[in-house]
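Labels run A, B, C, D, E, F and G following the written order; every chain starts at residue 1.
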Amino acid sequence: MTAPIISTNNLDLYYGDFQALHQIKLAFQENEISALIGPSGCGKSTFLRCLNRMNDMIDGVTITGAVNFRDQDIYSPQTNLVDLRKEIGMVFQQPNPFPFSVYDNITYGLRIAGVKDKQKLDEIVERSLKQAAVWDEVKDHLYDNALSFSGGQQQRICIARVLAVSPSVILMDEPTSALDPISSANIENTLLELKKDYTIIIVTHNLQQASRISDRTAFFMEGRVVEYDDTTKMFVNPDDKQTEDYVSGRFG
Amino acid sequence: MTAPIISTNNLDLYYGDFQALHQIKLAFQENEISALIGPSGCGKSTFLRCLNRMNDMIDGVTITGAVNFRDQDIYSPQTNLVDLRKEIGMVFQQPNPFPFSVYDNITYGLRIAGVKDKQKLDEIVERSLKQAAVWDEVKDHLYDNALSFSGGQQQRICIARVLAVSPSVILMDEPTSALDPISSANIENTLLELKKDYTIIIVTHNLQQASRISDRTAFFMEGRVVEYDDTTKMFVNPDDKQTEDYVSGRFG
Amino acid sequence: MNRMQKQSQVAMGLLRAIAGFVVLILAFLIGYIFITGLPNISWKFLTSPAKAFSAGGGIGIQLFNSFYLLILAMLISLPIALGASIYLNEYAKDNWFTSTIRTAIEILSSLPSVVVGLFGFLLFVVQYNFGFSIISGALTLTIFNLPLLTRNIEEALASVADDQRQGGLGLGLSKYETIIHIVVPAALPGIISGIILCSGRVFGEAAALIYTAGQSAPALNFADWNPFNIDSPLSPLRPAETLAVHIWKINSEGIMPDLTKVSSGSAAVLVLAILIFNLSARYIGRKVFEKMTSMD
Amino acid sequence: MRKRTLVKWILVLVVIIAGIGSYTTRSKRATNQQSITAVGSTALQPLVEAASEQYSAEHSGIFINVQGGGSGTGLSQIESGAVQMGNSDLFAQEKAGIDPQHLVDHKIAVVGVAPIVNKKVGVTRLTTSQLIAIFTGKVKNWRAVGGKNIPITLINRTQGSGTRVTFEKYALKGHSSAVAQEQDSSGTVRQIVSSTPGAVSYVSFSYINKDVQPISIDGVSPTERNVMLNHWKIWAYEHIYTNGKPTGLTKKFLNYLQTKHIQTTLFNKLGYISVKDMHYQRTWKGQLSKESGVA
Amino acid sequence: MQNQKLAKQLMKKSKTARYERFGRLLCLSALLLIMVIVIGIIAFIATKGMSTFMKDHISMKDFFTGTIWNPGAKTPSGHAAVGALPMIVGSFLVTILAAILSTPFAIGTAVYMTEISPKRGAKILQPVTELLVGIPSVVYGFIGLSVVVPFVRNTFGGSGFGILSGTFVLFVMILPTIVSMTVDSLKSVPTYYRQASLALGATKWQTIWKVVLRAASPGILTAVVFGMARAFGEALAVQMVIGNASLMPHNLVSPASTLTSVLTAGMGNTVMGSLQNDALWSLALVLLAMSLFFNLLVHFIGKKGAFSK
Amino acid sequence: MGKVFDEEIVTLKADFMKLGAMVGEAITNAGQAFIDHDVHAAQTVVTNDHEINHLQIHIEKRSFEMIALYQPVTGDLREVVGILKAVTDLERAGDHARNIARAAISIKGKPRIGDVERIVATMAKEVSEQYNESISSYGEADQDRAKETAKRFDKVIDSHYNDIAAPSYQAMAKDPEIVNAAIIYLNVTKDLGRISDYSTNICEWTIYLATGKIIELN
Amino acid sequence: MGKVFDEEIVTLKADFMKLGAMVGEAITNAGQAFIDHDVHAAQTVVTNDHEINHLQIHIEKRSFEMIALYQPVTGDLREVVGILKAVTDLERAGDHARNIARAAISIKGKPRIGDVERIVATMAKEVSEQYNESISSYGEADQDRAKETAKRFDKVIDSHYNDIAAPSYQAMAKDPEIVNAAIIYLNVTKDLGRISDYSTNICEWTIYLATGKIIELN
């Protein structure tokens, strides 16, 4: 196995006194889709948000342990958050395009970073939208408000927006849970395409989704990783009884 | 086959000029769970809301054709809407208990109908909550605000609220789409229990859910019923190619 | 139809009647102001200076003063309110300290404007020796306006979904960049309508200005736009009676023979101006949103 | 994006042009500009304001700001030196909380104060004792003083108002009025009296108009002539106080106010009586002396 | 090596970080400025208002229970006559009465606007109510004087000046505030509550009464309290119609006064630092305290409301 | 997985075990009938084969439906797929039992070889035993027992073929009259051998059921 | 179903068809080797059986995984389940081919019956043909062709058994020396018959694949 692109070790996270993550040790491989599954409140989102330090925003969060991105400890005080988040992009549950035109949405990150060259921007817009498999649907409406598109299209625009800043890793927190099945399927197909160039870590409540698209699956419970393995193994013959119960829908 | 409890015939519905339903002809059997599936915007909710005339509220709606409940045309001018809606209860997508106590929620329907007898109300509260399989979880908190419970519990409280007025039929519009998988599974189990005493018609985007719990499935597309049959048949060997594509997730 | 449904229909009727009655009151009020006022409005009325004791005075200077004061007050208060509301809504932690600040701001907003006016009088006019002047008035209006504006802007900011912020941060923008480039633009329609609604209130405010911007409207030299000249319309150190103050003054002390006409005409102009503010609030809010969403 | 930068540039341009423009105009005109402020009595305000307007019109670059605020404000402002002139209806000595030592009194004008009633009460004349009875609340109906059967509605000026002090001192012979409605401006008082049946109050002569009925007292009618002769006792000086001897523009303006030109035109138009026309003088304690002229 | 480059890139303190600190500081200073102003005003009013008691040695008891307001004069017992009770009572009376009067109208209107005819509500009622918020209080007072006072006089007797006229004027003045806030809180009641209620067989009225209003009640209460706060602080309009007599009101049509009206009317005629002036500032302090009280009330209601959500 | 799946899987497995029992009975009865020359009993076995086929198709269909309706994974899926696969082995074992029964009918009245028949009888008993053991171990998802069963009978049954083939050949060589019977013996032996193979298959499914691993026993 | 499933099902089916081809080759080669007495070719068939087994296990495992990962329904599920079931038939057909190959090895150097061998040769060819037809029809999910195939070869192959058995018996009766060979003929015939049965099974799965109906052909 090659060196992982992101890995965590002994990661503990506390919200105030409440320990939300316990000794998480996970390693994610490049150009794979990894799924994080587990019951509500088990810490999936919390963990995901550790990977690009989105938890820093929250009051009273204490994090110990290591999160390494390409062997670099991202929690070292010197880390430049802004650049880190450009390397590790994030897509959220609710499609959240900014209330601007599609074009502006895609170029926002770049323009704020100072890119001005119109031609370059145009190129990036086209490339990202194509990668996010939404180019055909929006190419004639680049200057329309991004909010005027359907939920599934919006989510793919959000993905394109992240792609535009050329991240290495894309974190996704339940990116399809707000969408209807057809839109979800479109997003899933997009992810499968993106896998060639990006590393994707996705939180999902939809076990079928995890099984369909991910290469590896981590099963969280009460802030711990119960099992982390090839998705096939997890759904065919997991080692842990709890995993088996969970993936076979035998909850509670 | 026995006489259906609800049936529609040649049901057309227009929102203004837009025809949302075309010649719907469906018959629902007593003590069965029937699932309505289909892509977003195909008219499932619209159809469901015809069955207890919730569409009446909307401006510009025109409905033609027949909806019969126990051989009674519910769109006849003599129909008493209030009584009708007591016979045909409805549970919504979002768990929407009123912001009152659990007790007040459950007794709401009865009290607006004028029931005052405290003992009778108490009995009904207990019975409905038990039927909705949430009694054990709320029995010590009957006077707590219903909103202080988890989403899944709230949804079961909503089901209990409908059961309290003793309907014959329960309409449900995506009752678990806002819930996590564990809560959804609990609701599904509740529905399977309720089936013994009630007729349930449920709209769901979750095909697995339809296949797991329903006896019959109707597949809608663009305002028409493409196929309506035993759920097993629909998922094993549907007659229509579109149905097959849809249930096997081959959208678009 | 059963009892309940009858009851329902009666109640609906009652509600309609109440709404109708309220509309009637409102229509009467506005109608009263316009019917008594509009006939007195003419171009001359709108442009000529007021007369103290003879008929035929206009409200030109007062009208100009009102707008000038409003603009100044907004220029001063907007950045402060924006900064403060950004801090409150985006940076501040939710603890007793911020809630104290919020309470304090709200107290300020519900303080009678007389009190604010007197405070402004003692502070700006007397203490800082700005005299009865536009600048004293503008600063006092700022105090009067800040809490409301801050509140409005904060509401507009708060109505921007958290998703948007996360989207910004997730794209690698810094928090401040996210706020400036995403949250504020997204809240802009709300901010603008907040500003314009506040403008309406400021425009109609009298009590806070009586002791600060003063109650006299010396003649202006509209040919002189040098703000350092005392008779320049732009001079911040000249006293400036506004329209609302003018209405107040002629009603309390006026000795001109046509004072009812002037007063009702002024009231109508004021209400018209506010009406225009409100309409433009909606219009500009919508336009800005459209603009922003398809900028090219 | 591009549009935004455009707007920015336009703004910058405007500011630059405005700056250059103001600098050039300033250099031409700003040299002899001067301004002073008068604050205080609302009763005196119209007069001083009108005079200041004329003065400014005659002397370019001179500004005299005139503000109301009430006599109390006028006195306390002049005492603290915040303004150049403090207008007051009262002698500084009469006002609680004022140390009159450094204040110099300039009696500018005299105003007469007259009782006014609603036109429908059917009374045009009263005796002093009737007036006192009415204002101390002993008489409650106009019938008792020969009018119609209408209950009396007392309307006072606010406590501390110059008009009220004058009225109580000279019309009510020092009795204080019963606690009743108070309005803090003459205009409002007049409007209320004109529209309220049975209303009675008092205003300075300038506010009397056809909507209200002025009252003769003891057979003397409220006219300027009667004031000059002190037949009508209810009058007061309008003072402009300066803090120390007036200098510069203040002095010039005070002198201007005393010029015949002003005293004959503006005073008459506004209903003030020139101090020079008075046949009597009165001290702050009310002692009369038969001489005229400026204090 | 790529990793080293990345490391370097990730580690460098960027322009954005400085920018960030700067922006944050800017915002904080704006907030602090506001704080300074608020504290300034409060401190100012408090010191001025307290000097009546500290400097002029008026007893609090006299101030709050005395019924004679004549700071220039002495009471028979020899103390300065600074009894603020008539004003306090007047303020409370007009405020409460106005609230009692407006609330049903405001709620009725708001319900009409959100539940019965949202289209017409949005088209007509909303702009009109917003317009009313902006009308200067002088104009209200003016109309009050020429319309309400004669109306009260002719209908209820008396001079027309008094609590009742004040109530009517305030009724109209606070109506838009209460209506628009009530509309907001009704709108924030999710549609699905209404649907759920209707689906349970409730009539429209039952739905409004038992669910919508009940769910919105914290918001409505807040709206009413806000309206009351506005009424409490209102000066110019009330001053013109209430009669402004510092008398204990013995009925609704006898002249009375409020804290604000006396404060506004008296300020110009008193000399800074004198007892008369200090006493007025004490009234302002009472107003401030009331403001605080109303705010705390709103917060309390808000919290209660939030809890039940 | 929901309640319904759990109930249905119980039913399905019960059906499967019932089929297993039916086939087991068929095997025992066919063997017995062959030894006892009991044409009537043999006929019953042949007739009952229909039922076996029906039940098999039903189970196959139902497993398939259950996969479609409940989309089981992991253990649940193994339960269903195990049954779906093993049911064919049962049915085929049943087919061979039927073949033996047919052989019993066709050998009736023909000259016999007593020695061979004794060995066939032994073999039939052992095969029957192996089959029953396999089915039981499947029912209990007992992989150890399955392995043990497969191992225990592996050599034993193979050796029987030689035990039977040799005397049969000799007998045929000696007495052409006996050819028919001998060939029948050989066929029956083959049938028994196949049944034994299917039993081993069932043991393999047992292991699969328990562990998810597809292995070849023996 | 998503892209990946579609890709994977193509791969799975390709593997299945490859297995089908391998088994088909084994059948043809085994038959040919038997007829040609080509021990070497026969040995190859025996050796290759390993590969067949491996591929079978791989396909089984993969179908199972695909059900677990993609939870297919309707036609998709039939694709996978069809393969999951039919793969056993292929493998067993392969086993029988191996048996024939073994028979080819063991008959080597033994006295022969020319007539019988000719019939065996015909039969082997037909069985091979039937098998290939069946696999092709499965590959194309062509139920008509599947039905036709099953029907066409049904009687033909059954009749061959008698064609072979009768002369074999006679030969044995005549010449005990020939017993060994005759029994081998009979066994090979049986093996061919079984292969034919499995071909029919594959036809049944073809029909299932196309229609979702589980039926018994013949």
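In this section, a residue touches a chain if its C-beta (ideal position, glycine included) is under 8 Å from a C-beta of that chain, and two chains touch if they have at least 3 such contacts.
As the structure is a computational prediction, the values presented were derived from the model and not from experiment.
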item: Graph separation of chain D and chain F (steps between touching chains); value: 3
item: Longest centre-to-centre distance from chain G, chain (CA-based); value: D
item: Selected pair, greater C-beta contact count between A-F and B-C; value: A-F
item: Between chain E and chain B, distance of the C-alpha-averaged centres to the nearest whole Å; value: 47
item: Mean-CA-position distance for chain G and chain D (Å); value: 123
item: Intercentroid distance (Cα basis), chain G paired with chain E, Å; value: 93
item: Residues within chain D bordering two or more other chains; value: 1, 42, 68-69, 73, 80, 184, 188, 191
item: Multi-chain contact sites of chain G, meaning residues that touch two or more partners; value: 2, 64, 68, 71, 73-74, 77
item: Where chain C touches two or more other chains, by residue; value: 4-5, 174-175, 177, 211, 251, 295-296
item: Contact set on chain E toward chain C in their complex; value: 16-17, 19-20, 22-24, 26-31, 33-35, 37-42, 44-45, 104-105, 108-109, 111-113, 115-117, 121, 124-125, 127-139, 141-143, 147, 172, 175, 179, 203-206, 208-209, 226, 229-230, 232-236, 260, 263-264, 267, 272, 284, 287-288, 291-292, 294-296, 298-299
item: Complex interface listing, chain C residues touching chain B; value: 1-2, 4-5
item: Chain D partner contacts - residues on chain C that touch it in the complex; value: 52-54, 125-126, 129, 131-132, 210-211, 214-216, 218-219, 224-231, 238-239, 249-255, 257, 259, 295-296
item: Residue ranges of chain D touching chain C (in the complex, touch as defined); value: 1, 3, 18, 21-22, 25-26, 29-30, 33, 35, 37, 39, 42, 45-46, 49-50, 52-53, 56-57, 61, 63, 65-69, 73, 77, 80, 82-83, 184-188, 191, 206-207, 209, 269-271
item: Footprint of chain G on chain F - complex, ascending; value: 53, 57, 60-61, 64, 67-68, 71, 73-74, 77-78, 81, 84-85, 88, 169, 172-174, 176, 179-180, 183, 186-187, 190, 214, 216
